[in-house]
């Protein structure tokens, strides 16, 4: 009997500690969760993107703040990876929240880095590190060769960012590779070049006017990209054969949202300009958007961490979402265990009191 | 005078805007709804910040003056506000090295650096503490005291299992189970947590939320009308 | 360098806030007050640049849209707050936003909450080819809405038939709340995972 | 009394001003073979189309010419039509100005190429099958998921096709078998852009006449460039650095380049000379354009081309034309029933209010959480600890906040009687000023103005979690014995209420934010669910005038329930008129 009484009066800090342990343990020991049957809405979105052909363009909008980054970053990364893997072109934008501007860039840049490192840079790293441009940067900032090698594109982009000539110098890197005949033809296509394969606009104020404008003319509305380069200079927007002019040329818009932005985008992107819309939302909001999936206004939806895990399963690239599933499962089980234990204690002590 | 003007304003504007929703001429759509509702109110609301700053200042000032217990922390509050505000408003946009700008609110400004490295982590941590509190609330408060409470906790448990991979694993493990008594009955269906979760969300959950929406809408309409017709005056905050 | 300093400061404040879970302590107090102060300062910065410059200064001074002087003057009535004798002046901007908001809200509430929801409830059976289980479920939905509304009746005592119906209504409400609770758990734990990842990965580099 | 008279006068004045702002409706015409059943004007800038559409319609309209080639066409900006035919071997046949040429699909511009790619998928389905189409074989077409409308602007009187402004893909609203509703917004914008089109054309023509002005502008630009160059030079010279020297050189180069290009433009302009005949021609054209502009301003029309997309992503076009001249409708008849219901509700409320004024007693059942308020305040007094009141984290225009303000008014009175300390940290500056006055007033009302403390109501911060952190601090340090949470809450609810529970406070919560109610139920002693929050202030004050509005709410709910019973019975017996009343097309 004493045990059960103790059970009902246990200090809540033990509960906190158990919770912390259960969540932290799988992270530290790198236990991965698995998913056998991804959710329907995630499969729908995956199938839509998977069906797209090379050089189709998708637009990703980042409408969240650092508060909810933990939930939305894994899924945005998974979708970005999928799009890059399929050689789709990516346009990134943070139309609603100023804080989304930096987050979106981090997401896209991290995935672009992955590709450029994996596919091209690894083989030709030495040549690039010794190129005059990088050499100068390395010397002025006193960065070791190893350090640059592990994170080459980020370093390169950071350098360009400080110089505000990102696209030009990004192209220079591309040119160095090309001039020295470092590219095989396959590699050249796989290299994710800013302006050709992806373009990032950052936060642009004036949501409705931006959306309406992009329905007619993207370069005219956005004018400059994140680094201030006129986007009309990008190959994506001035190519003769595969030009992106307006929403008409965008195959799907996917919104990562922690607020009401999906509702707005439904209105503008889907209703007004008739473009397909997908969404990735926080778990708390998700229930509100199932009706839109049913009506077909949303192509598909990723629902919180589970959505990210679903998508990572589908693209076979386990990441933070799947990793988190282990923590999630244990934490859910723990809470259920708490409910059961609490109730056993409660019922037993109640009966004891009645006697 | 001090009460009549606001009451008349509330009534007049309330009635005008009640009708504005039903009229579709450009005066209603473009002027009343777009210009005044959207643009003007935005500007009026801008100045409310005056009150927050003075109030915060006054509260901390009083505590510091009285040397109330823990008044040191009131200094911190004031310093936090003043420093943050002056970086944004007063200081010039000068380059200070390391790619940072002293004033302004741009991405590479000190203002934004403080926001990203102090405010954001703290807010995110506050937010994440909910995980602990949910656990402790579940342990401490979810007691099967009566049928209502039991329903709540059972539903919560089912939905929680249905949302993690565990739910489908259980279902898969159980799908081999067959009963000798009722071979036609699909026993494993009892363990289809994902399916049950969806059903709970679709049927009882929808019913309950819909009923609340009806009630809240009625209450909202009544409260709005009470204010427009001056039955409810407490928002004036006083009889003077 | 600046990023490393940032990470360490962020880690310090993360731990300071977490320390509240153990008990209230000077670190938490410091973090809490700083957070309150900074968040107000952040609000001032944003309003100054986005709202004041964006909505007031540029339209009036640069674009010569002098009509916006009227709302500016109304907004300046909030300054009445500074003195006891003029404090009633702030009722004017408040009454304006309140009058417009409430008047415009009434038909909207009717439309979005009552009409749409009622229509959705009435058309639930209008799907051809519903199976037995679907019909039972749908009937449950209707019963749930009906009884839960009865729970919210204030004119009737919860006795007799009304009492039974209200009881059924509250059962439905509780199942609904249980579902909300269950759904929310995952989101909240995601956030905790996010903080732990920050501490273990970005700060301590314990994992790759 | 005076206020009431004033209200009646104001109401009359408002109603009288309505005709002043009336607008003249325009003519409406519908032509073409789209089976347009009906159309309504939702407001000045939007139109609702109702039309019948069946899968057979689509299939019969699917353009498969007799030679078995799938065809689509596009109108060029100059008004000419181009016809594309997709050959079974994948190449595209382009017909333009009577000439035909074959190209590869990849050589085409993207929008039309996308269309053809979709066509290509259709080929797989219908390639081998001969006309006429059998709907069953194309079941995916019966599964229409999107309806696409292209609108072309016409000047109605001139009947001259101008250009396709934009293509829209709209979600539709399907009533029963084959009736579709489409809401079409932005007609105002369309009209504007249509008129702008004309004005631009006139501008261009005028520009051709006045090339002298161009010269001047170019000269001015050159001057500006010079100024800029000199300024930059001065700035750079002030500093001494190697890099800057290089920059100076490049700056000079850039300057020379830009000035050079401008100068060459000037010379080109000088070469151009317009003879008098051409001048007259242009002048005539301008006059013509101006006349058309006048017409356009009066009335213009829109053609709708309807296309449908199946759920599988296949698209089929069906060129159904209908021309409609937008008109302005004064009253939105779609919302008639909403208007009647709101007016009815207002009348019921005022009637009940009047009868309560005359002294009629109204019964309201006990609300568990509210009966406990007295006990909660009493408890705080006994323990000598403060009462904490949280008013939610929303704006003053939120009805939940308004309800919360009223409740605080009542609670503050009880607190004032016992002279228990009260703490009210507020999230919004405007709500703060109101609450401050409300509390002060409560103390005056119960005759204890001296007991009121200025700093008991204070503004904390607007940031959600910073507010929660602050409140948590207050709870832990001041250890209130009673905490009220009334109003609109979000994720911070549990952060505060769990901390409150930790210090052993008695907690009463009330909110209509459905997602937060379970957390309050878990951590508080009493929770007001949804509407109970709105009833609370009237209940607490026991003011018969305020109680009358609770009655009105009950009548409203009774009507909803009545409509539910009636509606379901009618619906099940196949009568749909209640649904018709409630019908409003989703945005």
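Some points to look at:
Going in written order, the chains are labelled A, B, C and D, and every chain counts its residues from 1.
Basically, contacts are C-beta pairs under 8 Å (C-beta built on N, C-alpha and C of every residue); 3 or more make two chains touch, one makes a residue touch a chain.
As the structure is a prediction and not an experimental result, all values here were calculated from the model.
The count of contacting C-beta pairs peaks for the chain pair B-C. Put simply, the chain farthest from subunit B by mean CA position is A. One simple way to say how far apart two chains are is to compare their mean CA positions; for subunit A and subunit D this gives 27 Å.
A straight line joining the Cα centres of subunit B and subunit D is 20 Å long. Note on chain placement: the centre of subunit A and the centre of subunit B lie 25 Å apart, centres being C-alpha means. Residue positions 7, 11-12, 15-16, 18, 21-22, 48-52, 56, 70, 99, 116, 119-120, 122-124, 126-132, 134, 136, 138, 140, 142, 152-153, 156-157, 160, 163-164, 201, 209, 212, 214-216, 218, 220-221, 224-225, 227, 235-237 of subunit B each touch two or more of the other chains.
Residues of subunit A in contact with at least two other chains: 12, 16, 19, 23, 67, 69-70, 283-284, 287, 306, 328, 331-332, 335.
In subunit C, the residues that touch at least two other chains are 17, 20-21, 29, 31-33, 35-36, 38-40, 42-43, 81, 90, 94, 97-98, 102, 105-107, 110, 114, 121, 142, 145, 149, 152, 173, 176-178, 180-181, 183-186, 189, 191-192, 194-195. On the side of subunit C, the complex with subunit D involves touching residues 17, 20, 24, 28-29, 31-33, 35-36, 38-40, 42-43, 81, 87, 90, 94, 97-98, 101-102, 105-107, 110-111, 114-116, 118-119, 121-123, 125-126, 142, 145-146, 149-150, 152-158, 173, 176-178, 180-181, 184.
Of all residues in subunit C, only 21-22, 50, 54, 183-187, 189-197, 200, 206-207 touch subunit A in the complex they form. Here subunit A touches subunit C in the complex through residues 13, 16, 19, 23-24, 27-28, 30, 68-71, 205, 282-284, 286-287, 304-306, 320, 324, 327-328, 331-332, 335, going by the rule given at the top. Taken in their complex, subunit A has these residues touching subunit B: 12, 15-16, 18-20, 23, 33-37, 65-67, 69-70, 101-102, 162, 283, 287, 290, 306, 309, 325, 328-329, 331-336, 338-339, 341-343, 346-347. Across the complex, subunit D is touched by residues 4, 7-8, 11-12, 15-16, 18-19, 21-30, 48-52, 55-56, 58-59, 62, 70, 119, 122-123, 126-127, 129-130, 133-134, 136-138, 140-142, 152, 156, 209, 212, 214-216, 218-227, 229-232, 234-239 of subunit B.
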